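Here is the structure we will look at, set down as structure tokens.
Chain lettering (A, B and C) follows the sequence in which the chains are written, and residue indices restart at 1 in each chain.
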Amino acid sequence: MLELIVISTLNGVLSGMQLFLMASGLTVIFSMLGVLNLAHASFYMLGAFFGYQISRWFGFWPALLIAPLLAGAIGAGVERFGLRRVHNSGHVAELLFTFGLAFAIEELVQIIWGKSPVDFRVPPSLDFPAFTIFSTNYPVYKMFMLLVSVAIFTALLITLKKTRIGLIVQAALTHPHMVGHLGHNVGRIFMLVFGIGTALAAVAGVIAGPALVTQSNMAGSLGPILFVVVVVGGLGSLPGAFVASLLIGLIQTFAVSMNGSLAGAFGPLGAADEPTWLADIWGVTIAQIAPVIPYALLVLILIFRPMGLLGTRDT
Amino acid sequence: MSSAIELRAVEKRFGNTSVIRNVNLTVAPGERHALIGPNGAGKSTLFNLISGYMKPTAGSILLRDQVISGLPPYQINRRGLSRSFQVTNVFASMSVWENLRCAVLWATGYRYAFWKNIDNLPDVRQRTTRVLENIGLTARRGVPAGLLTYAEQRALEIGITIAGGADVILLDEPTAGMSHAETERAVALIRRLTEDRTLLIVEHDMSVVFGLADRISVLVYGQIIASGSPEEIRGNPKVKEAYLGEEAA
Amino acid sequence: MRETISSTVPLYPAAADKLKFRGLLFAVAIALLILPKLFSSGGSLTTFSLVGISIIFSMSYNMLLGQTGMLSFGHAVYYGIGGFLAIHAINIIGTNKLPIPLPVVPLIGGLTGLLFAVVLGWVSTRRSGTAFAMISLGVAELVASSALILRTFFGGESGISANRTRLFRVFDWSFGPQVQIYYLVAAWMLIAVIAMYALTRTPLGRMCNAVRDNPERVQFVGYDPHVVRYLAFCFSGFFAGIAGALAAICFEIANSAYLGAVQSGTVLFATYIGGVGFFIGPIVGAVFVTLLSLGLSDLTAVWQLYFGLIFIAVVMFAPGGITGLLMMHRPLLEAGTLGRVLPSYFIAFVPTAAMLTGFIVAIEVTVHYAVNSGDDSRIKAFGVSFDAASRYVWAMSAVLLIGGFLVARRTWTRVRHAWDDATGAAREQGIPA
């Protein structure tokens, strides 16, 4: 039991950090541009596939650098030539544009790399157990993922606190309506922010690719979770996104590892063999409902605390 | 009924900033009451508090002796208080006719009806036609509100405000940005439309204020520093110092 | 000048207008009635049925997006739940030999959609804008993932099926042949479209538009925008449920794809491409998208990519959708200045078509190399065969794409000038354009 808790906590924190890598970019983009980028998870997927392709050609380490740059450049292009044009038609059009983009990217990835998972492996230099807790070998690659995430946050934090762009982003987070008054180079800043935000998502993709499954449906399955994170944390709140990322990460890893069910706790219903409605609910395990939990949390948050956990703005 | 609107010790704070401080104000039924004061004195905030757009931090607001502070705007409106906005706030993609009809619907009792053809409601049609004629936009009734000229939009704004037949009307700078001729027409319109109703009006144009109002209150830095007839206000030294003097100088 | 404007919108519909409306309805009914006589193959009847279902679904969606200003990413929930209940209803009615004929079953689906909208809607519609979009997404994911857990009711991955022909019969219709299903869909479509049209012309319908335009001001004319949104949401769920039930009847199966994100996305695409600002927009969109998805899937393997690109293009260049594009020209037609823009369209058409051809060839060649690079390089797309390995094809594609773009850009400027000229002339005549 203790083993389960320790391992799940480690995995949960790791998955939370990964989520935050994406949620931070999404949050900053939302605060500055006012757009909830529905294609954000698609850039995560692009990162993973670019990473896979480049590591086949040049190896993992160049891929870790080039793939996010490439995805970020595409992101910047999307902002410059797509979003900016749609901006005049209002928020709904912007949301729809990113929605269509997510759809098109998924199709493209499917065309180029196919529907089945690609063979994106952990590089040999990182493929050994880091340490053993109880009887479980904890892979060094996971520690590496944690390290990369933490390193990026530190870099981000410094950028945010020390540079001019960082100050502008901070101002946008607290006073979103003032963004319009930033001056003549506001377009370039938007492009940069969108590019960096999507590049961050791509970093998450490159490092998560070998650990998870690199497949064309990865954006579709992760995207909604990402929106749960930013809404639960509070739209436009970076600390909120951080807390919510960890929360969702932990909830998901813990739920998956639990096999309890009502049937397990209270014994089977009368005629347990007969498949009925009630038996479905009675026999379902916590692991089985794990995918539902984040959405249930989202709905509850929107009912009881619409501004999110740490948000200041009413969504 | 002793008063149409009454504010008792109303306070409004945003964080640490007090925008409205201990405001007491009584508007008698049938009175035309003007609220004046320099920019940033809190006039629009006061309107937002009375109409339910914001909730006061402390104090209470009464409409015909009943407490309305804390109620949502639509309930206050249903009790017979209607307001206009300083920045034109209409239904931009709908025609002038549709704009006014929407403003008439609740008052004619159709509420959320989804079983009645809106074009077959004679009372709604008559009332909308009357408001349309009153604000002088009959010839423009099919034009989307967003395509009207500024002065026409202001007239529509007033039309929407009075269409529901509320007997307490709040107008927030109805003549702002208008030419001299347009202002004169707007004042005549307001005078006609608020006949037998209670009017609380925020206005910057002093000729409008002194021509229209029975009573005037002066709001400076969130506080009412004087309240009285136009003559009293004209002669009040405090007002001269804080407001009129400033303008004369 | 002002006379022209006011005469276009009478204070109340004249008797002539009502007659015109009834005439139109009558003509549509006749057309629906004789359509199977003209195209009697099973395939085309299925297509017509799918178009009809898609029309109901898209119009129910536009009650939210176009009429009330609510962008939903989870409308398929109500469609799917209607479909599942219809299948269960058919099975229950069939087993117990209840005297309920098949044509009533869509109503059961509709009521289920309504019930779910009543339950889930109050929370969903508290806010509009991004918050509503997000909660619709959350609710959709919640229902879709729950559907995979409650296997008895939703039948897991394979879904549940039913036999529609075993029900109580009226007029000896078994609803086995596709043509009878077509008439069932056509009848329900006509009823639903009339009902939804009537709804736009009620006090609630007009307040929906007001909420879309300016939810804040609505509060100051006595209405609670939350209630308006909620009621619109409930009606929308009802009609979506009818559409889902008809789909389930048509295929005799309901599975988790009915409730899924793809279904929600498709209805959004259809409605938006058709044009959300017009009552007939979703009808145009449903016809266009259904035929396109059926037609394109025969012509090219990657039709979904084209589908997505068309959607993005509409969002970027024609926010009013197809209907919006067409209706833009109405004032020009009235003013008689349409002739000033048409020539520039023809000039722009040639390089634009060349550019798109180059683009399509480039995509198809890429697809060939990505998907089946080992196969024969002679590929066929859109009915045209060409050699994907040929340098000549590559060069042609590049020339068409780049050359076409460079030339087309200049012709678009020309179109813009001609457009400004024509609308300016229309405005001088007092026609708002």
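Following the convention adopted for this analysis, a contact is a pair of C-beta atoms (placed from the backbone, for glycine too) under 8 Å apart; a residue touches a chain by one contact, two chains touch by 3 or more.
Small disclaimer: the values here were computed from a predicted structure and weren't measured.
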{"item": "Labels of chains that are neighbours to chain B and to chain C", "value": "none"}
{"item": "Most central chain, Cα average position", "value": "C"}
{"item": "Identity of the chain that, by mean CA position, is farthest from chain B", "value": "A"}
{"item": "Inter-centroid spacing, chain C versus chain B (mean Cα positions, whole Å)", "value": "43"}
{"item": "Distance from chain B to chain A - Cα centre to Cα centre, in angstrom", "value": "49"}
{"item": "Where chain A and chain C are represented by their mean Cα positions, the distance between them in whole Å", "value": "31"}
{"item": "Chain C residues touching chain B - in the complex, by the definition given at the top", "value": "2, 5-6, 8-9, 11-13, 198-199, 201-207, 209-210, 212-214, 216-224, 227-228, 231, 235, 277, 432"}
{"item": "Residue ranges of chain B in contact with chain C within the complex", "value": "51-52, 72-74, 77-78, 82-83, 85, 89-95, 97-98, 101-103, 105-107, 110-121, 125, 129, 138-144, 147, 160-161, 163-164"}
{"item": "Complex contacts: residues of chain A adjacent to chain C", "value": "36, 82, 85-86, 89, 91-93, 95-97, 99-101, 103-104, 107-108, 111-114, 220, 224, 227-228, 231, 235, 275-277, 279-281, 284, 288-289, 291-292, 295-296, 298-299, 302-303, 306, 314-315"}
{"item": "Complex contact set, residues of chain C against chain A", "value": "65, 69, 71, 73, 123, 126-127, 129-131, 133-135, 137-139, 141-142, 145-146, 149-153, 261, 265, 268-269, 272, 302, 304-305, 307-309, 311-312, 315-316, 319, 366-367, 370-371"}
